[in-house]
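One structure, pasted below without further comment.
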Amino acid sequence: MRKVAYAALMLFSILVLSLALPAAYDLIFIKPIQKTNLFFSPVLKKCIFTEQIRGFDAKAAAKSEGHHADIVYKDESGEYYDRLAFEAYLPFIYYRNMELRGLLPVTAYGQSFDRKTIEKHRRVLELKATSLDSHRPKPSCLPLIEADPGQVALLYPDDRFQSTTKGLQFINADFNAPDEKLSKLFTLALTNQGFVFPCKHIGGNFTNFKPYEGGIFLVDAKGQLFHLMRQKGEPFCTKVALPKGVVPRHVLVSEARERQWLGLVLDTQDRIWLLRQHDLALIGLETTRYRPNEMDFKLIFNPLFVTAIFSDAKKIYAQVFKLPVKDAVPFSIAQPFHSFSMSMSRSQECWQTMVAASIFPFVTTLQAENTSLLTARITSSSHYFSLSLPICLLLAIGYFFYSRRKKSPNRLAWTQIGLIAFCGIYALIPILLLDENS
Amino acid sequence: MTVNPVSVEHLFHSYGPKIIYQDLSLEFEPGKIYGLLGKNGVGKTTLIKILMGFLKPKAGFCRIFGDLANAISPATRARVGLLFERHLTYNFFSIAQVERFMARFYPKWKRERYYELVDLLGLPSNHKISWMSEGQRSQVVLGLILAQDPELLILDDYSMGLDAGYRRLFVDYLREHLKDGQHTVILTSHVIQDMNRFVDDVVFLRRGGEVTVTGLEAFSSNFHCFRLPRDMVKGEVLQSKLAKLACQSAGRTLEHIINLEEHASYFELFTFNTKEEVLRDLEGLGLKASPPILTEVAMDLEDAFVGYTGRH
Amino acid sequence: MFNVLAAIFSKEYVKTRTSMLILFALGISLAAVIYFDLNRLFMLDHPEIVWYHTLDLKQIPYGIFKYLPMLSATVFCFCQFLPEMRDERLRISLHLPCPLGLLLLAHIVYGLIFLMALMIAESGAILIILGRKYPLAYLPEAFWTMLPWCLAGIYAYLCCAWVLLEPKKKTKVLGLILGVCICTPLFQHYTPGAFSTAYLPFILGIPLLTVSLFLPALHFRTREVE
């Protein structure tokens, strides 16, 4: 019984300490670094970025404003800039500063752009990995906002809906009870268009802080895509045409005043499609190397281009497309005219990460950047054989001499030495505190 | 071959640099009542705790019915009754609840023995133990031990906190229970007079681990106290020698003298030997006197205990 | 074995019934506070706006419950084991003629059963209260949000038991360290419902730590140094 209890305690302690100690270490010693901000400059005609760095970069410091020496402004060919130059090369991003400095209108690609033009075309669509259905808790129920409220501001509806195996069920907030009539009405509107329940995905912009309501999108059990709106309390459902073999995985809806692009669609083969507002046509963007499960995705629109930026924890990619024309052929796939990728500064190692890699042979984590769901994962040190294992062996040898001072190493002591050799500090702490050998 | 209920083999224990026992060996025979006596700090409570199995000695063994005391099996535990210092029991129980709780663990439980003793208190059965005095609680605890009917009883300072009446009641009931000679008892107490009433053998513990085991009667009859008047001790040199010996801790002060105590008008000499042998020791120090100057003083058990172990 | 369990359970019940009643009353009072707070929320604003705050903005209307399981468990552990530690009364039970492992397990299982029943009652009451005002589909999210807090309570109980039972000071520290290390991630702010994919390792840790408690009991039983 004693041996079983000891083994149970060691297992528990090792797992708990492998969760807690690295987290505590990161909190104390590791400066969190945000992802690199990568853009395409229409002035330089290449990618330009800004990022925070660990350590010291003399060239960045030379360009910095004193106390911001850890912020770097560079382009893809390695040239450094100061902040003002950086902003000047991104006029479609920093147009308000340009205006303040009297630098508008700006000329690029032989065209002149003033503030009004820039604002009209400026837009960002962002699809984070944590937004995907498989990476977040399932929303309990969603609001279907009235698209024609009879006033300027959108009203939050009295009811919410959820998808069941049989149809949409609306629940009235005043009574906290199903609204059977409404449920039947909207379910019928979908099934009449060929919708097959259960619903695999619901995409929408579920807020009333927007200029208008663009409706929601539902993917049915067969992978078909439907658009649903609520106007004057009545459902309006349209089946969205899809290219052959394309099954939507996620729909991002974003209502913008220019009413050209309603959002984007991610399909099961990791391709991104722009959703044209007036006819719900899909226009593809060829984004190679985009892995939705691990990467955040951003589309930055400006008057000339649309830039796709996607990044995982360590690397960032940019692919630049000519802005698709309003009457682009449905299902056409745009090809990027410029691509760039780089390792972000946050992936670079510093002495703090090296020390962590040395003393922690493995790390247990619950959270990951790409998902808001918690999952326990054990990952070994990035320098296990070169750094971590030698440290563990040193600790084991040290414990061998320590246990000899107390009494000759017995079978338990050898087991303990073996545990320390494998688990390092995670085993050493409970062994020293438990002191079973005495 | 019958296994002795308790055997102590080559016990060594220390607290830091202070050695309590060094190579202590004892055998406790079945059916006898042993009083463990010694001054404060010689290790009586430590030995009791080792016997009870709640303290592991640094070296040596202690066996209870053949089992190692700190690894005693449940079956052996059922044969051992423990009384903890200050009559510890679960205060949150009532009189009836504690009996019902303990009874579940002992198949040979004798409920009537418990209530025979506890009913004397004249308290209702739902009376909480925490509401009782020390003496009343001692009755409850004794009742539980008697109901368990163990072969071996280890009683750690059974007399602590009890007035004379409760002590007498405790001892009388215990003696009544033990008269069949089927039980072995090891007890400690600071009230020496009670030992006379029921203890068979005494185990004297001394500092440094010296131990003497002797029958109580034999001790009482063989241990003598002789008084030497101060005015019989002529010469300052002799006086100071005797005074120096009196300051030493008890234990073979001289060849035949166990202990020497200095008083205002006399010295007291304690010995297992005869008057003549004591006089020979004194003559060796320089005392010239004829036998009549040493007078034997009658001692009760407490006097003998203090004489044997010393006042300080 | 059943006899031992029954005896220990009845002993623990007599010892802790007052604290159990107080903790239960505290839990009910807290549920009542949540009930009235929720009523007030729905009085002050339209229901769909309250739903928006909770379901979209992920505000937690029962956040007051967060630390109650841990506090209840700690208090209960002290009420259960402190009387045993006073004058080392646990020796009375340790001398009983039954295996040490079974004896210890009986004590711990009693505590775990009570705490689990308490937490089920408290969280069940909260879910019923929420179910009156929110869609039933919201309740699983609330359950997964409360579960790590309840697990923190269980671990707090087990680690407090370790600290109280263990006679050696530096080994007590191990219990404290483990308690802090396991409870901290359970109290971190996660997206409501995110715990639904991570609960299993935390549940499996409970029997591990329960079995480990045999060690401090054994250290208590046979000390080498006082």
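We just call them A, B and C in the order they show up, numbering each chain from 1.
Following the convention adopted for this analysis, contacts are C-beta pairs under 8 Å (C-beta built on N, C-alpha and C of every residue); 3 or more make two chains touch, one makes a residue touch a chain.
This structure is a prediction, so every number in the text was calculated from the model and none was measured.
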Chains touching both subunit A and subunit C: none
Farthest chain relative to subunit C (centres taken as mean CA coordinates): B
Dominant chain pairing [most C-beta pairs in contact]: A-C
Chain ID, smallest distance between chain and overall C-alpha centroids: C
Separation of subunit A from subunit C, taking each centre as the mean of its C-alpha atoms, in whole Å: 35
Averaged-CA centre spacing for the pair subunit B and subunit A, given as whole angstrom: 78
Whole-Å separation of chain centres (CA-atom averages), subunit B against subunit C: 47
Junction residues of subunit C, two or more chains touched: 224
Contact set on subunit C toward subunit A in their complex: 46-52, 55-56, 100-101, 132-135, 137-138, 140-141, 144, 168, 170-171, 173-174, 177-178, 180-182, 184-185, 190-198, 201, 205, 207-209, 211-215, 218, 224
Partner subunit C, residues of subunit A touching it in the complex: 1-2, 4-6, 8-9, 11-13, 15-17, 19-21, 23, 136-141, 143, 156-160, 162, 171, 173-174, 176, 206-207, 366-367, 372-376, 429-430, 432-436, 438
Complex interface listing, subunit B residues touching subunit C: 15, 52-56, 58, 70-71, 74-75, 77-78, 80, 82, 84, 86, 88-93, 97, 100-101, 104-106
List of subunit C residues in touch with subunit B within their complex: 3-4, 6-7, 10-11, 14-15, 83, 87-89, 91-92, 94-99, 221-224, 226
